Amino acid sequence: MDLYEYQGKELFRQVGIPVADGRLATTPEEARSAAAELGGRVVVKAQVLTGGRGKAGGIKLAADADEAEVYAREILGLDIRGHVVRRLWIEQASDIEREYYLSLTFDRGEKKPLYMFTTQGGMDIEQVAQKSPGALVRLHVDPLEGFNPWQARRLVYGAGVTEASEQKQIASIVGKLHDAFVRFDAMLCEINPLIVTPTGEVKALDSKFTVDDNALYRHAEVAEMRDLDATDPLEALAREKHVTYVKLDGEVGVLGNGAGLSMSTVDVVTFAGGRPANFCDLGGGGDAQGVVDALEVITRDPQVRAIFFNIFGGITRCDEVARGILQALGEMSLELPIVVRLDGTNAEEGRRILAEAAAANLRVSPTMLEAAKRAVELAA
Amino acid sequence: MAILVDTETRLVVQGLTGSEGRFHGLRNRAYGTTLVAGVTPGKGGQDVEGVPVLDTVAQAVEEHGANTSMVFVPAPFAADAVYEAIDAGVHTVIAITEGIPAHDMLRIHAYVRARGVRMLGPNCPGALSPGKANVGIIPAEIFTPGSIGLVSRSGTLTYQIGHELTQMGLGNSTIVGIGGDPVVGSSFVDILRLFQDDPETEYVVLVGEIGGDEEEKAATFIESEMTKPVVAYIAGFTAPPGKTMGHAGAIISGSAGTAVAKKEALEACGIRVGTTPTETAELAAELTR
Amino acid sequence: MDLYEYQGKELFRQVGIPVADGRLATTPEEARSAAAELGGRVVVKAQVLTGGRGKAGGIKLAADADEAEVYAREILGLDIRGHVVRRLWIEQASDIEREYYLSLTFDRGEKKPLYMFTTQGGMDIEQVAQKSPGALVRLHVDPLEGFNPWQARRLVYGAGVTEASEQKQIASIVGKLHDAFVRFDAMLCEINPLIVTPTGEVKALDSKFTVDDNALYRHAEVAEMRDLDATDPLEALAREKHVTYVKLDGEVGVLGNGAGLSMSTVDVVTFAGGRPANFCDLGGGGDAQGVVDALEVITRDPQVRAIFFNIFGGITRCDEVARGILQALGEMSLELPIVVRLDGTNAEEGRRILAEAAAANLRVSPTMLEAAKRAVELAA
Amino acid sequence: MAILVDTETRLVVQGLTGSEGRFHGLRNRAYGTTLVAGVTPGKGGQDVEGVPVLDTVAQAVEEHGANTSMVFVPAPFAADAVYEAIDAGVHTVIAITEGIPAHDMLRIHAYVRARGVRMLGPNCPGALSPGKANVGIIPAEIFTPGSIGLVSRSGTLTYQIGHELTQMGLGNSTIVGIGGDPVVGSSFVDILRLFQDDPETEYVVLVGEIGGDEEEKAATFIESEMTKPVVAYIAGFTAPPGKTMGHAGAIISGSAGTAVAKKEALEACGIRVGTTPTETAELAAELTR
């Protein structure tokens, strides 16, 4: 789960990482009063779960509350890479002397948290890594031993920070970032830029914070931060129905059982020349109601013109799936063409059930590849 | 022989009294796996269709000679269950449980490695050595004994490919699901090493998917250390970046972990990669001719 | 550093281990008002840093405040194994249904914390270990991984606790004991007995708590618990002077440099037929002032009849030690016979300095063994 | 050869700019030890009589090829310094610092073992291989090169015995102080194993003291795995239970860790135990005849 800048900063604040004072605003009026409360110059920042806000006009420096309101009006509703701005973060403006970069990420390859730090902040870290790899200090943390202060020194001295007070402040932030990472089950904690002000203060000017979905059960306060308005409405419906669903941009609705097979099904549709409308995983033990729920989500997408049901029965029984399909047809008066491929546990029984129902829009195909081709044709 | 599970396996199921644990535990026993005990704290003294239920894994090891544990405990308690199994002295832990926090797995991974214990999962279908033992949720009836080792991060996709192999008259030494989470107990390389050393395995099919770099590491390992032929399949060519595709581990982060990159890495090491499960099974069949 | 029962219980309370309510009292009057405040029956418990209080009459059950005062009067000033009772813990009386034993100790051999638990509580654990080893569950904790809940289950089920509520309460206490152990750098946390009341409540009826002296710098609140009145006055003086000193019961005052050599010197005095008055380590780099301080502590013991100075110069320079001895002789007008053995760095120079001073009570011996014999003779 | 420190040693001193670190670091250099750098965070760029001072141990390893670290950092910061040294990649850490909390050492011990790094101390005098290298505070002038390995939990007591050996014309391969704390990086057994494998060591003198059970473990090891003759000394026969005798680790807990028990354990394994340092040196001298 990705957090907004202001949410990540709230978590930073909780572990003691210095951030500028700010307020959330969802209307120009709120932006005005937030700016008035904060006093002085403020930055009006679009809260969107994507990068490139600055270039897209989503960040503006306002001299006073009036200007903050004007900018808020401009930014709210802006579409930034497909994300509509609904929230603003109004923050006291910070003077910037230098921009650094600090992150702690979950390194799957090494199975360890990985620190990255460079004094070349403010830009994309992948660029820094490519252009001047020597400027980027990387350091893993042992998951059992955890953080020790030498690691902060290694980053700070390794990157060539020379001013003693800066060294000390950054070292402290490095340790606190680890606190945040562990305490909130983060997959990513990024501060870019980590700024030094002209008076030598170090603080986090931005935050990128991703929390492990599997760990949300032990972080109720973070789980509540999820912005349901920002997620795709179909994906929100899917979440509600406990259906694993990812919206894609085509016409062939896809339903499989198991993540790997479902991904493979999406691929096969593509290879057959079609465009999948979604990824949808019925899960390992799908029952009839699961099938109904999944079909409801898939067919809510108006782009869908045909549906491909690809089931390999294991724990999932094909007869149960067949019954679910018929139940859904009955309840939803579906008229879209549906191609079904059943194999594995009770596949014959499943096929027999579908054949007996003799629904006009239902076709059964013997193999995955053939079924995919059929579905692509029907969606054309 | 075969790998990981066989006739020497003495299984304890952690969470045997739960509905899933009971269903699959008994199913594994029905297949012929030696199921010696179940563990559910507080339910010691009960039994599940004749299988004794104990309070601790230590009792299963000491009193019933358990050497392998299957974990069906709910995610919030699963990490503790895995530690319990490791410390009780089993040599193999197979964690079926889905949804264990990734940070818990970082610690478990370091812990299990340091102790030389083998672990599959979490969020995995387990391991099946046809004709010998089945530990997990793999539907055994799809598979027949043979010489092809199958290793995958996914369940049903493996069944699909296994099914196609079976249709062609080809059998498997062991089918291994390593699990779909970002951090799992055994990597592709760990399992490939076991297959390389297993006399019953002559060929290997590797079924990867988007996310992480375990397929890339497997490619290097196969090229440098394996003599047995390997073919591969990768799922997720159409997956958009930043979206979790069903498995917690199936996600493209930035530009890393794409199916194209994995396919290229494998092919660069001389490994043929099938475009569809069917083509992959056909490539495997070609090897055996 | 060993803590009194009431201090250990305070730490238990801080981590959430249930203990009975109580008050500290140092006079019979305080004991009365404590008992009155607590109400009902109370137990008057001598606070001493040794075992066997019960048998020595240091624990009494009082029906009311009057009786508490009477018992307090009896117990205060009692000598229990050489420890004079100066503090009392007045605690609400607990009804006891069963007595268990639970501890977490620092296992040097395994380099891991070690849990021990048995339902045969209330008696000496070494006895339980000998007589019915099967009843004692032992379990180590990995220092990097720390505590996990299964360990509590292993103890509780392993020892055969059958009642579900008891299992749960004890499992929780097991986890909290680990919290206390780690949080306060304990070398030992023992609850004996851990009782079950007739209503099924589990609580710690006693506490034995030892904190690592080397870690006191990070536990100011524990360091302040040290009872300077209870330590041997000579050892208290030594602590003040930063001299490493342990009081023994003989006539030959002993001073060495380095812990191993000092221990060896005490041994050699014993083998030579004498009785050492103390162990005293000048430390690795002893200077003249260190020698003066050490001599001051040693000679404060009226039993001392001769002093044996055993110095092997390494980093310590023998000439410096010789000067320290002369300085001490001058300042303290010492008349006790002193046998000095100097070897190693600048030994000749040291011997020359002492020879030139020609003090009447000062003898220089060439070897450790000969010096020891001489000192024993002089003390006889 | 010799063990632990020799002409291959490239030393970095953590805390070189402190008074003790400076004194002993330079003393070690004067003896002939290759001292490549010092580390004091924040003082990088300075030097101590020509020895470069750096901010991190990593720099000492990467830029100066340091392979051994000596730790003189004050106790509250010493654990961190040890971790830094281990992770920077040195193969040997010698911690002179006294007063490191025992819990810190539990964690360090597990950490250092898992990484195959050798560690002496804390609260130890270091190691001296006469004629080759000295890392620590052992006064080298007492010792001469020879074939007796000397290992001890104590400093001055070792000097005493070494001095008596030198007086008899006997020299040492390496003198090792493992440290006087309850948990130290290397046990007697670890060092005995090194001596057993060291061609220059022909005999071993072990100097133990009260507390713990490392002498007992050493006895078993000597009996079962050593071919080289060993004599021993134990200090603390007169020590009362429950009192710390100078070293944090020199304490009899209950009935465990007494000198008598240790002496009996050693003798039961056929190892002669001297009553005094002098007698111990004489026993060692007998071995060499």
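Brief remarks on what is shown
Residue numbering begins at 1 within each chain, and the chains themselves are lettered A, B, C and D in the order written.
What we mean here is this: a contact is a pair of C-beta atoms (placed from the backbone, for glycine too) under 8 Å apart; a residue touches a chain by one contact, two chains touch by 3 or more.
It should be emphasised that the depicted structure is a prediction, and the values quoted were computed from it without experimental measurement.
Farthest chain from chain C, judged by C-alpha centroids: A. If you average the CA atoms of chain C and of chain D, the two centres end up 27 Å from each other.
One simple way to say how far apart two chains are is to compare their mean CA positions; for chain B and chain D this gives 47 Å. Our note on geometry: chain B versus chain C, Cα centroid distance of 54 Å, whole angstroms.
For chain A, residues that reach two or more other chains under the stated contact definition are 142, 144-145. Contacts with at least two other chains are made by residues 107, 111 of chain D.
Taken as a graph of touching chains, this assembly fits none of the simple shapes: it is neither a line, a ring, a star nor a complete graph.
All chain pairs in contact, by the document's touch criterion: A-B, A-C, A-D, B-C, C-D. Those residues of chain A lying in contact with chain B across their complex are 106, 108-109, 111-113, 126, 142-144, 182, 185, 187, 212-215, 217-218, 244, 246, 248, 256-264, 266-271, 276, 279, 281, 284, 312-316, 343-345, 367-369. Chain D contributes residues 41-42, 44, 55-59, 77, 79-81, 83-84, 87, 107, 111 to its touches with chain A in the complex. Against chain B, in their complex, chain C makes its touches with residues 142, 145, 148-150, 153-154, 157-158, 164, 167.
Chain C meets chain A in the complex at residues 144-145. Chain D makes touch with chain C in their complex at residues 75-76, 99-103, 106-107, 109-111, 137-139, 141-142, 152-160, 163, 180-183, 207, 209-213, 217, 233, 235-240, 243-250, 254-255, 259, 275-278.
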